[in-house]
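Here come two complexes built around chain A, the first alongside chain B, the second alongside chain C.
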Partner chain A sequence: MTEQIKTDFEKIVKASAFSEKDVELKKMHLNKFLKTGFPTRKLENWKFSDLSQIIKKNIGELSFYNDYSFPNKIDTSIFVEGLEHNKIVFINGRVEKVDFTHEDHDKIEINDDFKFVNRSEDNNSLLSLNNAFTNKCYKITVKKNYSLKKPLVVYHSTSNKITSRNINLKLEFQLEQNSSLRLIDLFNDRAENNFINIFYNFDLKENAILKNYKIDKVQNKNIRYSYNNIEQDDNSVSETFILSSGSNFSKNEINCNLKGEYSSAFVNGIFSLNDGQHHEVRTIINHLVENTKSYQLIKSVLGKNSKSAYQGKIFVDSKAQKTDGYQLSKAILLDETSEFNAKPELEIYADDVKCSHGSASGSLDENSIFYLMSRGLNYQQSKELLINGFLLDVVEKITDTEIKNLVKNMIGLKE
Partner chain B sequence: MLKINNLSANIEDKSILKDFSLNINPGEVHAIMGPNGSGKSTLSNILSGKKGYEISGEVLFENNNLFELETEERAHKGIFLAFQYPLEIPGVNTNIFLKTSLNAIRKAKGEKELDAIEFLKLVKEKARELKFDEEKLNRQLNVGFSGGEKKKNEILQMSMLSPKLSILDETDSGLDIDALKVVSDGVNTLRSKDNSFLIITHYQRLLDYIKPDFVHVLMNGKIIKSGGPELALELEKKGYENFN
Partner chain C sequence: MDKREKDIEKLKDYKYGFSTDIENIRAPRGLNEDVIKFISNIKKEPKWMLDFRLKAFERFKQLKEPDWQKPKYPKIDYQDLYYYSAPKSMNDKPKSLDELDPKLLETYKKLGIPLQEQARLNGIAVDAVFDSVSVATTFKDELTKQGIIFCSMSEAIQKHPDLVKKYLGTVIPTTDHFFATLNSAVFTDGSFVYIPEGIKCPMELSTYFRINASETGQFERTLIIADKGSYVSYLEGCTAPMRDENQLHAANVELIALDDAEIKYSTVQNWYPGDENGKGGIYNFVTKRGLCKGKNSKISWTQVETGSAITWKYPSCILKGDNSIGEFYSIAITNNHQKADTGTKMIHLGKNTKSKIISKGISAGFSDMTYRGLVDINSKAKNSSNYTQCDSLLMGNKCGAHTVPYIKNKNFDSNIAHEATTSKISEEQLHYCQQRGLNSEEAVGLIVNGFCKEVLQQLPMEFAVEAQKLVGISLEGSVG
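What follows is the complex of A and B.
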């Protein structure tokens, strides 16, 4: 890999208009990545999956060169219908469209030459890889007291014109005081066998509200890693919902720093997996000051040979009295070959806190199926009804009604 | 309508029903009384198709071999079991469940499926008859329902589906007098020359409200005595232990 990555890097630098300084910085990140390489099981954060092996097995050798000088054609059929929205369209890692039609343009600032600063997890080699190869990083700032009228949908798509086997994306969001943003990430891949590496950074000022819905629903043979870093000031709220279902392998990491009083973070997720899929969510919620709150609910429905893992960490600083932290994970194993792993980690240094965690897994309840079948439903209908019922309360946690209905339709949940 | 011939059932080498035979004709109401562990619930489970029993013998329902039918096919043909312990199904809305169930059965019978409006009209009417709190229809199925409400919900389902053979497995247990009356009214409304009932109970009390045509005493997996309603009274007086 080392030779390939170096050659590709040089090729990219040659074709690009990066400043010398930028190139130096990128080089530094590349070297940092090369030193550690892809994460392996030896790392506690990657206990349940060896990314290095997974890439080798599913993709083989990665290649990194993409030609970003020509635009890709946007396939408008991927656009969500029946929901007015703003758009950012990524195709093969290139931003093809930034469209805030529905918004007051004075209230949103878009900077396409942002130098992403990494504030946490400096030892994350995937972030180094991302920094070395990201083409452009956009920074979106939502100005004080402005709430976006319509949601922003970020389309993550790939086409078969892709030349590399690795895509790196980055977005930076700043939500100023009293502002709010509803952000939907929609994954839609045509290309197969790529490693897709996504980094988001969110900076939430006082009273800001972020709602991020990540929808990976379309079946695809890609390996996806996504990292959200969320910084939260006083009274800010972040809500993250993850529908993890389409990719071959997917890992979502949420790192949330509750550094303002009365700030709160919600992470809810659904894994719906089958045939050899392996998905993970890892969260790190850092309660750093008094009176902060976090809530997490993760549910899995696991078919044949599929596997999900949930690593949830709640860290409570010694200053963070009156912390309220909660996490629960539940899984239905539909087959004896399916596997669910939960690893709750509570690290608490304050004494006046309320923190709890729980985890449960099992197969579908045969008695419930018998009950439903005795009312004329066939086995398949009964099973679906039970699974929908199991997942419904996670979807109900979505506080935005419009998006809740969208998600319900997407996964075929009836009210 | 229902012919049970020499039915024996084992579960994990334990014999529960032994050469059990019973004949139920259209329009008849049969009561089976018996102490705990006599095989009452096993009988109702087997009739509605629960798996896990080793079975021999024959059960015919309108000349269909019952053992060749899946649980849902039995429901389609008109067998209904009111559960002793109705299950709580989290996340499943009661109305949606009822509509899915009703339409599955209507479809199997070749009848037109009901649309949302027709369905709501019917379910509201039935709920009112049974004094079943309509607001509960929008709740998750049986979740947070009291014991009495769960039983009423069973009878509501029964009256919605209007089955040919209704099996009531200890529907009276956990009911107060008022609820018992409402539930019995629900059953009596459905009584006709075509519909039959098999009522399983410990106590004679329910039979004051639903007059059976026949009473059978089940002990150790066998019917030891059959008779008319007076048998229930006799049983109540003597108790199971001294009955023989």
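What follows is the complex of A and C.
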């Protein structure tokens, strides 16, 4: 791998017009990545999913070079219908379109030459990989007191030509005071057997509201890693919803720093997996000051040969009195080959707090199935009804009605 | 205040903090094959035992000290410790209690442990381990009548080699982790219990561990075998004198329950925790593991952890037999600069296996408390279930409470439920108690005892009283 990555890196440096300083910086990140390589089971954060092995087994040798000199054609059929929205389109990791037609232009600032700096998790090797190979980082700033009229949809797509590639992309968002943003990430892949490495950074100022919906629904054979870093000031709210069901392997990490009083973070997620899929969510909520709140709800429905993992951590600093933290993870195992792993962790240094977590896993309740069947449903229908009810609970947590309905339609949930 | 008065003052906090002046025999300082041979030789062990030790030592040399735990400690120099220390008078083992060094007897009297069989009323058979050797075992005759073997490990190696050979190292193999392997190489003594088929042990069996000598590591090994259909309840207590340096205690405990057998293992751990500035105290790095080998067997761990500077242990159950049950009840209290990283592992291998975990952690002062647990339901463990509850109580914002459970479910027929909460003592409860005339310390004591009740109930009566008092003492001075 090392040789491949180095030659690919040289190729990229040659092809692009990076300044000398940038190249140096990128080199530093590359060396940092090379030191550790892809994470393995030996790292506590990757205990349940050995990425190094997964890449080896599913992809084999990765190539890191992507030609970004020519634009790709956008397939408009991937666009969401029946919902007016702003767009950012990524194809093979290249930004093809940035479109904020529905918004006041002086309220949104787009900077395409932003130097991405991540404040936490400096020892994350995938971040180093990302920093070394992303060619452009967009920064989107929502100005003071402005709420986007329409949601922003970020399309993540790949053309069917590429395979065994590593694709890196990142975005930086800043939400100024009293602003709000609804962001939908839509994953739509044609290509197979690629490793996609996504980093987002969100900076939420006072009273800002962020709603991020990550939707990975279309079946594909890619390996996906996505990391959200969220910094929150006073009174800000972040809501993250994850629908994790399409990719072969997927790991979502949410790192949230509640730095301002009365700030709150919500993370809700659904895993609906089948046929050898393996998905994971890892969350770290850092309660750093008084009166902050976090709530997490993760539910899994696991079919044949599938595996899901939830690693959630609530950290409460000794200053963060009156913290309210909650985690709940539930799983239904449908087949004898399915597996559920959880590590709901609490690390608490303040005494006046309310923190709890719960985790439950098991099969569908036979009594409930019997109840439904005795009222005329067949076995399959009863099962579906129970599963729908189980998942609907999470979808109902989505605070935006428009998007809630969109998600419901997408996964075919009826009330 | 003159020195004497100061000493008395000091002893108030930890009443077992005295040390006894007894002449000792020690192995040469350090850890090498010669020391292991010295230990084996002085104990007149057969060759297979020495081989067992040397095999473990070979493995130990390749192992690295683990460092993933929460409580960090300064590096231990394993070459700077004494691995064997025994009271000189024990060189030729006394035949009866009358021949025991009177100073030893007095020590145990001070500790409140009746070695004299006159204390028959107490009804507990005691095996006392002083530094590295077992000094006395009471009620032997009565137990022998039923065929129960309750003796020191050294004696068992001499008298019941078949049993020891068959079971020693089957639950904690010589190839286990760092501290367990170290123990396999240098263990000095401990208790051995064998309950024959169909026998219910008529009394509580108990071992009392005492570290006396300084700069000594204590490595005891306990092996309990409950044959088909038998039952035994075993208690363990420990204390150590107050010393400024840290002392290492790395014990191994193996339990084996065959078909329909039940073992109940209770610990009240009260090693010296160090002074209020975190100086001194015992490093309690213990490996305890039970194997439910037969069907319908049951192993139940109960622990009250109040002592030690650092406690690092996970009493575990391997539920191999069908329908077997594993239980873990724990109270861990840390105060001042104490640190505890404790919990359990429940490994479900057999069908219809059940496990239950109740863990209560209380931290005060500058201390840190971690619950770390694993529930692993194997794909063959059909229809198994686990229930886990871990609650933490914090007193003040200089201490920490952490919960790190690992949950692995590979079986769709099985259920796992896990709950955890962290909170402080509510002002309302305190107010209510104080209104009724309790001072704040008494009120806290009462509430904490209520918080721990679920676990305290599991202890045998004689221990429950002691444990309840300990809970109160450990938290003294942490309120207000």
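By definition in this document, the second predicted complex is superposed on the first by the 412 of 415 C-alpha atoms of A that agree within 3 Å, B and C clash if a C-alpha of one lies under 4 Å from a C-alpha of the other, contacts with A are read in each partner's own complex, and residues count from 1 in each chain.
In this section, contacts are C-beta pairs under 8 Å (C-beta built on N, C-alpha and C of every residue); 3 or more make two chains touch, one makes a residue touch a chain.
Note that the coordinates shown come from a computational prediction; the quantities given were computed from them, not determined experimentally.
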Exercise. For A:Asp393, is the partner it touches chain B (first), chain C (second), both, or none of the two (neither)?
Worked result: first
Exercise. Taking the superposition as given, does A:Met373 touch the first partner, chain B, the second, chain C, both, or neither?
Worked result: first
Problem set entry | Partner, of chain C and chain B, that touches more residues belonging to chain A | C
For this session: Have a look at where A:Asn58 lands relative to chain B and chain C in the superposition and call it first, second, both or neither.
Result: neither
For this session: Once the structures are superposed on A, label A:Glu44 by its partner contacts, choosing first (chain B), second (chain C), both or neither.
Result: second
Problem set entry | chain B versus chain C as contact partner of A:Gly358, first or second or both or neither | second
Exercise. Touching A:Tyr349 in the superposition: chain B (first), chain C (second), both, neither?
Worked result: second
For this session: Figure out whether A:Leu385 sits in contact with chain B (first) or chain C (second), or with both, or with neither.
Result: first
Problem set entry | Intersection of chain A interface sets (partners chain B, chain C) | none
Problem set entry | Residues of chain A that touch chain B when the two form their complex | 365-368, 370-379, 381, 385-386, 388-393, 414-415
Exercise. Once bound in the complex, which stretches of chain A touch chain C?
Worked result: 44, 47, 318-319, 321, 331, 333-363
Seminar exercise, completed: Listed in rising order, the residues of chain B that touch chain A in the complex are 48-51, 70-72, 74-76, 80-81, 83, 86-87, 89-93, 96-97, 100-102, 104-105, 108, 140, 157, 161
Problem set entry | List of chain C residues in touch with chain A within their complex | 68, 379, 392, 394-424
